[in-house]
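Quick one: this structure, given as structure tokens, is what I'll be asking you about.
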Amino acid sequence: MVKVAYYPGCALKDRSSHLDASARDAAERLGFQLDELESWTCCGAVPPVSRERVMNLVASSRILKNTRDSGRDLLVTICDFCYNTLKRTNHRIRKDEITRRRINTYLAQEKPERDYIEETASPWTDYAGEVRVMHLMEYLRDVTGYDEMRKRLSRPLEGLKLAPYYGCVMLRPENEIGLDDPEDPSIIEGFIEALGARVVNYPYRTECCGSYLSVSDPDVSTRLSYKILSSAAGKGADAVILSCPLCFHNLDSRQEAISRVFPGFKPIPVFYFTQLLSLAMGGDRDRQGFSRHHVDVSGVVDSIFAEKERQ
Amino acid sequence: MSKTSLPPPENLPMRLTRDTVSEGFKKRVAELSGQNPDSCYQCGNCSSGCPLACEMNILPSRMMRLVQLGQEETVLESGTIWICASCFQCTVRCPRGIDIQSVMDALRQIALDLGTDHFGPDQVTPEQAATVPQPGLVSLYRKLST
Amino acid sequence: MGKPKVAFYWAASCGGCEIAVLDIGDRLPVLAEAADIIFWPCAMDVKYDDLRAMEDDFIDVCLFNGAIRNSENEEMAGLLRKKSKILVAYGSCAHEGCIPGLANLVSEEDILDRSYISAPSVENPGNVLPEVKTETPEGELELPELYDTVYTLDQVVDVDYYVPGCPPVADRTWEVLEAILDGTLPGKGNVVGAGSKIVCDECSLEKKETGISGFVRPHLLEPEPDRCLLEQGVYCAGIGTRSGCGALCPSVGMPCRGCYGAPPGVFDQGAKIVSALGSIIDSTDPDETDAIMSGIPCPAGLFYRFSLPHSILRRKITDGYED
Amino acid sequence: MFEPRIICFLCTWCAGAGADLAGTSRLEYTPNGVNIRFMCSGRIDPEHVLWAFGKGADGVLIGGCHPGDCHYMDGNYKTMARVALLSRLLDDFGINRARLRLEWISAAEGAKFASVMNDFTEKLRSLGPMKPATREMAR
Amino acid sequence: MKRIGVFVCHCGINIASTVDVQKVAEEVGKMPGVVFATDYIYMCSDPGQALVREKIREENLDAVIVAACSPNLHESTFRTAAGEAGLNPWQLEIANIREQCSWVHSDREKATEKAIRIVKAMVEKTRLNESLDPISVPITRKALVIGGGIAGIQAALDIADAGYEVILVEKEPSIGGHMAQLSETFPTLDCSQCILTPKMVAVGKHGNIELMTYSTVEEISGYVGNFTVKIRRKAAYVDWSICTGCGQCTEVCPAKVPSSFDRNFSTHGAVYVPFPQAVPNKPVIDREHCIHFKTGKCGLCEKTCEIGAIRFDQEDQVFRREVGAVVVAAGYDTLPLSELKEYGAGRVPDVIDGLAFERLLSASGPTNGEIRRPSDGKVPKEVVFVQCAGSRDPERHKPYCSKICCMYTTKHALLYRHRVHDGQPYIFYIDIRTGGKGYEEFYHRAEEDEGIIYLRGKVAKIFRDGAETVVWGTDTLTGKNVEIRADLVVLATAVIPRKSTARLVRKLHIQAGPNGFLAEAHPKLRPVESINSGFYLAGAAQGPKDIPESVAQAGGAACKVISLFSRNRLEQDPAVAWVDEDLCGGCRICISVCPYDARKFDEEKGIAVVNEALCEGCGSCVAACACGATQQKNLTDVQIKNMITASLGGK
């Protein structure tokens, strides 16, 4: 089985372990294995500005360099924050010579120890952005191929109406991420169609859910999440599908609060794309971590299995 | 006749000097963010599309204008910088290619350098600490606390 | 006036030019009849001291072949200049530096290292390099000093005429000798024994005025007969090389290598050829163009095969010259 | 500070007009270059470039019209091909190919001309002076 | 040795403030052969020129260098002056020490040193300059006008009225261009068709105009005064020479083709006349949609046409014409809605562009002038106009201002208001630009008297929500965001060059600027000429323009053509390539290099020769000549090398 270097990031090891588990399961059903990096660290989550410009890029650079040094040129990640951070770091290293040199100055501080341990280790070379960072969804689109996925469906999600939710950092900033058009993306739509489900168009798919304001200003997040979810539900969606742990948190666990503030709001299930992928590929419903969802998903999941049985 | 003291007028004129409009604050913002605030021609696109605009007391485009004019106090006291969720919507739409999100980051940084966290780890409830995914907590600390 | 006195000398060259003189064949006795050959180390027993003993301008004509590569070459060039009325740079080495001149693409150090230490066939455990002066029990031995840079003859002494070619073809040599004997040489400084155009002028292969989309090395191509080799993608130096040889190489399907040197209107043969080749590349894409050009390994060695010391830059720029 | 000497070969229609525009726009840049005007960059011969290096230039700039915009249709493509080969030749001669710079500068790009000059000067400063090839030339 | 004179201009303080002009004159004066060197405050002034003439005679000068501004400005001035004093004009050269020296440097010492190098290099060039005579060529007094919009129409009429023949080439079946699509024109609100149609008819009838519609320029060769063009006329499958334009065929055609003239709001048959006032009023068959071409059947039009003008076997025809000058009036396009992703990428039915709205307004349009929105035909009551849709957006779209949108949007809102009295128009704008006669007044009228709401801010996002179209904007003046649930949204999309303009630029070998609009020779002083002699520009192909400006520029272009045709012969720059016959070895590389066919192989002599009349003097063949036989007059390799040496301070 093809092994693909995989960076899970912290959330997937803990609060979003069902995202990790479903992704691994789905990948193996599609014929590749998510091969977790050794001794990885936090990516830094966001690169804010700082006086020493490259300081915030060091952690993510180290992950990329270690990936390259282990002989791999492709790194797959799932969490939108990790994806954004790693991809932008890599972009800056590739684009800007000064950033590249300065980052390598930091990275080089690990050098003496390595040389001491493995004298035969290949000589130190600057990390110059050799690794290609891919979102798992991007991998599915560009490497596996949506057509190939469609061929392998064992439990097509026919009849299911799914609202794609992109959030912010999966697509933006466009010049550094370049995954899709930030105003008119189609990657999740393509994914939904590849699973045999129907796409629900609604205007809020790229609007922000509030991100970290979830902690500092929960009410703001509640209002934003309400707009997104009610718009999707209003267009007839059975569920929302996304990939970011933080978006998941805001859109799923916040629905209780939404119901309190906006009477008449009807809860709508939220899925990680990997969960639906795993199910569509014949995965076991007990392995998707549905018990961790705040909004009950059983209706939708039941319908997936029922659909299959009808056939 | 009784002499009543008048309340101070609410809308004092901005004081512009060579320093406020060219040096100091604007330069710091430019250096930190790597952006040129003077590129902004006030089209307002950032404000139009900002998902948090209705939560802000000063719209992003006005923040850019205030930075151009070196109005440090008004900018740093505005709640806008703490409401911005760094979603990059403004950045991708700016016709002049200004990374407005980075300007917001820079403003937050300058405000935090004055010494107080806007929202520090001690304000996070144990329930939040236990449930919010790490990227949310990490980015929150990095953006809103020193 | 008696018979003219003629000298031949061989400096840094392969010796082919000496053979080229013999190549005049049947006409050699005519030469011997018409002139006194008084100095020709390759063919007759003479000593440098014999030469030193001659009066200045004693020799009427000296055909000097070979580049200036070491102190002996330079000394002999100076000596022969002094002793000769007419000094002729004979052959490509003396004219423009030729193959020995390619040494200018590397440093003296590298040459010594390659020759005496690193070449696989060398066995030199002490890594001994030749020294200019060596003390031996028998006394001090002296070797000529190897120069870092190869020079053309006219870069060290004043030259009256140039006969190009590697080697000059026999008929041209004879023409020059005849002119010397008849006293019909043109004005000083001229190239003699060659044409004033380029090899294409003498070449009979057909040109269709097409561009080229890639270079191919001659041994990898079955050339279309009668068709211009350059247009078939083979680098042919004929477009930038003085005529006179009769287009010998192209006439047998091999490209001109440029041994007759720069044509009269050109100073730097290599640069001009680069310019011409750049004009006929059939691509407007930068990457493709670059890829086509990468089909030429070592352009300096190729375009300046015969003329490097005579070019604008003369040699590779190294930090080593400030010795 | 080392002040490199630069020769700029500019086509009159684009790069030369761009240099004029930099002037009319009063865009200051380093005074290290002297411009030599050609009708077309296609007139520029590698021999001129080598001559400049041989005479002590530390850098040579060739400015032409953007690809597809040549006033004489395709002169700039010839320049591009010549420079591609010439750069390889410079490698052989031990001359850093960064000393030869080819830029497409339109008549409207005064600012680009100025920034190219500044940038090129800076680059040449970091490369240091060009060494003369032979002792004779050094003298 | 030549006796050379050097004149260094102060240009007031333009040069003298940064360059020590006296020192320049002094240093250059020390060069061998320089017998006279001076500085003077304004060389281009009458006394300055007189000084040059005087010194040429007094000092018996063989050559002159004027160190001053760019040669593009005064080279011909000084060459004329030199000629008047009996010096061959090509013995005078300009050293550019203003644009390329004094104006771009501030360090006086360094600028002076550079100026000295520049002038010394020019002395070295001039030393070897030959005296030349201009090359004289005859002129073909016939003009080609490319594009049959208002600019092309105006230029063609003006030239034809002056008595010269004109060929007007238009790629559509009819002339008229975008102006024919407009309803009313700002700021006077007169009917576009009413003012355009008479001009179209005049073109059709003019004895000096050969009208070639449905045609494109395929190839052009030659030079100013003597071009040869190939024009391809597309097969109309209708024999126009006998067609009476009765329109029977268009009525019987069963095919339905979206009308591009009506921005796809209506359909016409596969055989059609684009609009009723078309000139020529003859139909064409759209082969792609014609049932006969697709299936081999139908042929209704053929059966209907009594005179037998339908010719399914017609083929494209290529015509060859000789002309002396070309007016390029290739027109403009607008940015496709699909490019504007945040505004719905063209998929929201009630988001349309300005030209589409013109058709909705037009009395002869698909709705007969009633404003009905595309999705359901409802009369829209809330209409949002969005300006700068793709303009002034260097990051994602077009960096420039499209210039006409402020006014036409105001016109749109005003006309809308006139048609739908209870409707409310809103205009989102960044800045309102009213730089034209009567424009500001027009804007005030719209704002003050017509109830149009202007909102200062750029719209971020437009999306469909049910039957409504939601617009997210801002009003930067109040500092409030704005949400409007609109019935119709009209985008003032950026004016862009036509796609075909880029192809045309290549075919004609003229220049386009960075945004694809045709480049003028000088932005201020030569705004209607192309950089390439013999080509003149008119209309929006050169940059966004409204009707009065296009007409004015077309008149200017026509005037330039007429002035060219008024001469007997043309003089060309003699600094062309020449061949040393003794050196040329006939490698023929120059022949494949020459873009103008000016190099030919002389079989008899076995060498390549130059046709001086065709040579444009680019010098590509000179660089390509590895045998050194080809040189450029007054710019030989020796001259260049000497200039380099002098520039580097060597001898």
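Labels A, B, C, D and E are assigned to the chains in the order they are written; within every chain, residues are numbered from 1.
Here, contacts are C-beta pairs under 8 Å (C-beta built on N, C-alpha and C of every residue); 3 or more make two chains touch, one makes a residue touch a chain.
Predicted model, so just to flag it, every value in this text is computed and none were measured.
Listing every chain that touches chain B and chain E alike gives A. Once chain E is excluded from the assembly, the chains that remain, linked only through touching, form the groups A, B | C, D.
Touching chain A and chain D at once are the following chains: E.
Ranked by distance of CA centroids from chain A, the top chain is C.
A comparison of C-alpha centroids places D closest to the centre of the full protein. Distance from the chain B centre to the chain D centre is 45 Å, each centre being the mean of its Cα atoms. Per-chain CA centroids place chain B at a distance of 75 Å from chain C.
Centroids of chain C and chain E (each the mean of its C-alpha atoms) stand 56 Å apart. Centre-to-centre separation between chain A and chain E, using Cα means, comes to 49 Å. Residue positions of chain E with contacts to 2 or more other chains are 342, 461, 593, 620, 623-624. Residue numbers of chain D whose C-beta contacts span two or more other chains: 45, 47, 51, 74, 78, 82.
Multi-chain contact residues of chain C (touching two or more other chains): 266, 272, 275, 278-279.
Chains touching one another, given as pairs, are A-B, A-E, B-E, C-D, C-E, D-E. Note for the complex: chain D touches chain C at residues 45-47, 49-51, 53-54, 67, 74, 77-86, 88-89, 92-95, 130-138. Per the touch definition, chain E reaches chain A in the complex via residues 341-342, 345, 461, 463-465, 470.
Of all the residues in chain C, the ones that touch chain D in their complex are 105, 149, 155, 266-268, 270-272, 274-275, 277-279, 281, 283-284, 286, 289-290, 292-294, 296, 298-301, 303, 311-319, 321-322. Within the complex, the chain E residues that touch chain B are 342, 388, 392-397, 430, 456-461, 472-476, 479-482. Here chain A touches chain B in the complex through residues 9-11, 14-16, 42, 44-46, 48-51, 53, 79, 81-82, 167-169, 171-174, 182-183, 206-208, 210-217, 220, 223-224, 244-246, 248-249, 253, going by the rule given at the top.
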